[in-house]
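Paired with chain B in one complex and with chain C in the other, chain A is shared by the two complexes that follow.
Our next item is the complex of A and B:
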């Protein structure tokens, strides 16, 4: 006879499995806002703009594509067909490849891809001559 | 049935419940609002010379740039302006010439950031978060009373391993064995990583949370973009992911080799308790073994990092905690634009030309070092160009750039150029202990104890008679036949209460 705890674990696993699968957003290519991180998510009309809407956590769409990033790290996200800017602390996100947050500040002049101890952090980053 | 359903519901609730709030964040309000600094930091300020001395013997020493120091310090002071702190709290910033993404704070309020961290930051706001976080540890007096002793322990053990590798590398020159030189450099890079991530005295999770909250308050209060803190966390997470990959790779290699070596196995048991791990430099009598040990230590360290979360607070978790704090306390803050770093294209800082060149040259030196460690990483022509760039003004006499140049010339069997690079470094504004050690080793290898002793005399003054120097000091005296003076230094070795140091000193003096 199974204990109630075993049932609970099994039930939990059944519920958690699809959630975990969805959290990966594995089927979504490119940069993605996986889910809301905070109880509510504020939507802005521009990276330096004003708040135009607030969504409760469960209303924020899962796996929303990130279409752009601003210098102040705000993320432009496609929310049900409309583009808004969201503060990154309010969403869990995943970036594909190497994007500016993990690029070295290569303003300096080395045109070589970073290797060695910091390998991976600068690879594929914009080169100094081209800017970001 | 009802009871069972309730139990199941409760269990499910537990399963999906968010993690318990971290103790380091305030339950309500901003961390800065509840700051109650110590009334006096004089006791910690008095430890500054020793702390700086310990740091100075690490890695390639400090980056000798007044412009860089002034800039970093100005960011820190901007954050602390108006914060009620006693005059005995005198914060400062030093930049360590290490390629890792790392920062720490000594108990007296000296923030140490690495050149590798500066290279990877995107804007001043990120730097502000790093500095704010680190200085918070000092303001909140987070350091254990044995912090200096632990740091000293690490400095001694690290220096012994690096020196052993250096001796191996210098021995390899005669044998024209560039692979050994490369391996030696690789080990050194690993050791730097080790120092930054594992061996360096760490804070508890709660203390890290406190420093995150307080450092965040400081940066926002100073007008910086709050989202920059998240961006720093992303970079930390990337570092952790890299460490995890390295750990997985080390594990795979270990399996391929039929299991861990005995030393590796011992260390794998829990490297965070390194002092009790049985790691003994004195047990190692041959250079190859030392190199192997260094690699094992590194592997074990990254292994423990990825497996053992008890003393390590993953950046992703910290990011979530910080996000919740930002949401609670700063939600209505209007978006801000980050301030460019003075070496970025958008900067209008008068220091831009000097700092841009400085960082470019260190970056070039790191590229050259990567080539020396792994010839497949680049081409000789590119590496040579990187060395030329790294050793031009304003970094022509910097220890890090010249040391890398010396290594590069070693590999190319251009000993005169290699020696010249080391000589330039040792006469520069901030020569590292490693540069001294390398040159001294070369003199000793040529039985030129006169020059070795003279150079050691300089080093003793420069490094405030550091414990790190003692074994080599004794070895030189012993080599010169001055055993009485060599023996007279043994009590100094013992006074640090570091078994490995005492053993190394006895060995250097010719004692079993």
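Our next item is the complex of A and C:
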């Protein structure tokens, strides 16, 4: 009885192993978008570009190779032969390298001082005509 | 004209006022009526509390509030109930550098940030970034779609609107307004440069908002929507903010503090201070007790956008009310708080909501509401001081009536007993006032800032009664007005 149980577990493991491996896209080398993470995935024409298409979760291909990564963290992914940019939070992805840690160093002294200017001061203001 | 108001009488009264009979006055001091003591002390208290001479009353109130936050409430008393439910997703200068995205972000980029937040399954999201400028940006449709995604996911989304737009202009972009999204007034209050209070009401913004007037301020509106099981108390006046001081341990994991010498410290370092050291520093070097790390948990925007599989981010966002805001140099949206110094104003809203959650919809206030009657803090303090006057005055008058000939004692013993009695009398008045103040906090929700004057005034009462001021005033007035007439009667009786 015990040996039958052992055989069943072993067989189950042999069947499940490739499936689990495929879920992690173990067979795909390099950086890869494993699957969609959000109900819909937006595809962009450039890292800082416009949205060109939205795919439902089940339409997004599994194990799509990541071609490039922009400074704003957008991922260039090969979707059915066409390259699109995807917001990284919309996909489960795997990077070969390590991502840099997020840290903050707050200046204690800066609490008592304030910036005495406005960001982008004067941008877009109409230029006065006439007079000095 | 009655005899005692004749010219002769007035002349004599003036003479008595100029040269009072000390012996006669001494005997009158012991006979000061109880009602006179009560009226004199109440008048003294009313002048200090209501007339606020030299702004002394205001200054002591707010200074005490700050010290209470740094010394007692923040480190020891304020529970972490709210902190477990509220987070701030923050875009700061480091986020911009890390993402290589200049500010202001396009509407599309903001939509991606909000979508990244939605992916973490928050309970609600409050966007403290104003989308009001009519700039040319084709990606606004992405933000409109994002509002739809929130609606589909059943996650409440709140935007903030501008209150100082020209008449007839919308409080935010018309495209966004047309989605029917809730729009709130992000106004906060600054008291002597520091954020200590929070408004209860705000402008009615958004579609159909005018019909809902009067409208609540941002934190109150969010609380009312999300915590129907603990309904918001009918609030009048202002909310008094209690600032937590213990930075969320998650913040301490990725934040550190650099002092003026360039030495790097952990966030918790400024909080692990013993009560005695804290008391000393809070009075003599408050800046050293302040924490640069915020109390509310912070989710860095780049971590969110990066979609990194981070258990901490998931824990801070999932089922939390997340405020989405920015802290950028040169963008004037920072406020000075008593416990953090300068900090992004989004934390003020987060702290106000934290207070509401922690106090179950009954935050500390600057007014006392009794049914339909609302008393401002001056009236409440003046009334609160009355029982203290009645008790101290009664003990004082009783002591005067009972005072007999002093027992023969050694000079040293007399001195020591006198000093001990003096101290005990002051401490008694202090304890009495403290008890009344704490009762006002517990039963009426009045913040310490709004009853601390009762304590100051009560200790002054103790000093005034100790030196016998009411008796002296009574004796003088009685002597000037009546005293000599009685003496004349006595002299006549004695056949002088």
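Basically, the second predicted complex is superposed on the first by the 76 of 132 C-alpha atoms of A that agree within 3 Å, B and C clash if a C-alpha of one lies under 4 Å from a C-alpha of the other, contacts with A are read in each partner's own complex, and residues count from 1 in each chain.
Keep in mind that, in the parts below, a residue touches a chain if its C-beta (ideal position, glycine included) is under 8 Å from a C-beta of that chain, and two chains touch if they have at least 3 such contacts.
Source: prediction; values computed, not measured.
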**OP:** Please name the chain, chain B or chain C, that touches the greater number of residues in chain A.
**Re:** B
Original post:
Looking at the overlay, does A:27 come into contact with chain B only (first), chain C only (second), both, or neither?
Top reply: neither
Original post:
Is A:38 in contact with chain B, with chain C, with both, or with neither (first, second, both, neither)?
Top reply: both
Original post:
After superposition on the shared chain, which partner residues are touched by A:90: those of chain B (first), chain C (second), both, or neither?
Top reply: both
**OP:** Considering only touches as defined above, state whether A:82 meets chain B (first), chain C (second), both or neither.
**Re:** neither
**OP:** Tell me which partner A:72 touches in the superposition: chain B (first), chain C (second), both or neither.
**Re:** both
Subject >> chain B and chain C contact sites that coincide on chain A, given as residue numbers >> reply: 37-40, 42, 48, 50, 71-73, 87-90, 101-110, 112, 114-115, 117-120
Subject >> In the complex, chain A residues that touch chain C >> reply: 37-40, 42, 48, 50-51, 70-73, 87-93, 99, 101-115, 117-120
Subject >> chain A to chain B touching residues, read off their complex >> reply: 4-5, 7-9, 11-12, 15-16, 37-40, 42, 44, 47-50, 71-74, 85, 87-90, 100-110, 112, 114-122, 128, 131
**OP:** Name, in rising order, each residue of chain C that touches chain A in their complex.
**Re:** 92, 94, 98-101, 103, 106, 108-109, 112, 115-116, 118-119, 138-139, 142, 149, 153, 254-260, 264-265, 287, 290, 292-293, 300, 302-309, 328-332, 334, 340-343
**OP:** Show which residues of chain B lie in contact with chain A when the two form their complex.
**Re:** 4, 7-8, 10-12, 15-16, 99-101, 116, 118-123, 189, 192-193, 225-228, 230-231, 234-235, 238-239, 242, 320, 322-324, 326-327, 331, 334-338, 341, 343-345, 356-357, 359-360, 363-364, 366-367, 369-370, 373-374, 377-378, 382, 386, 389
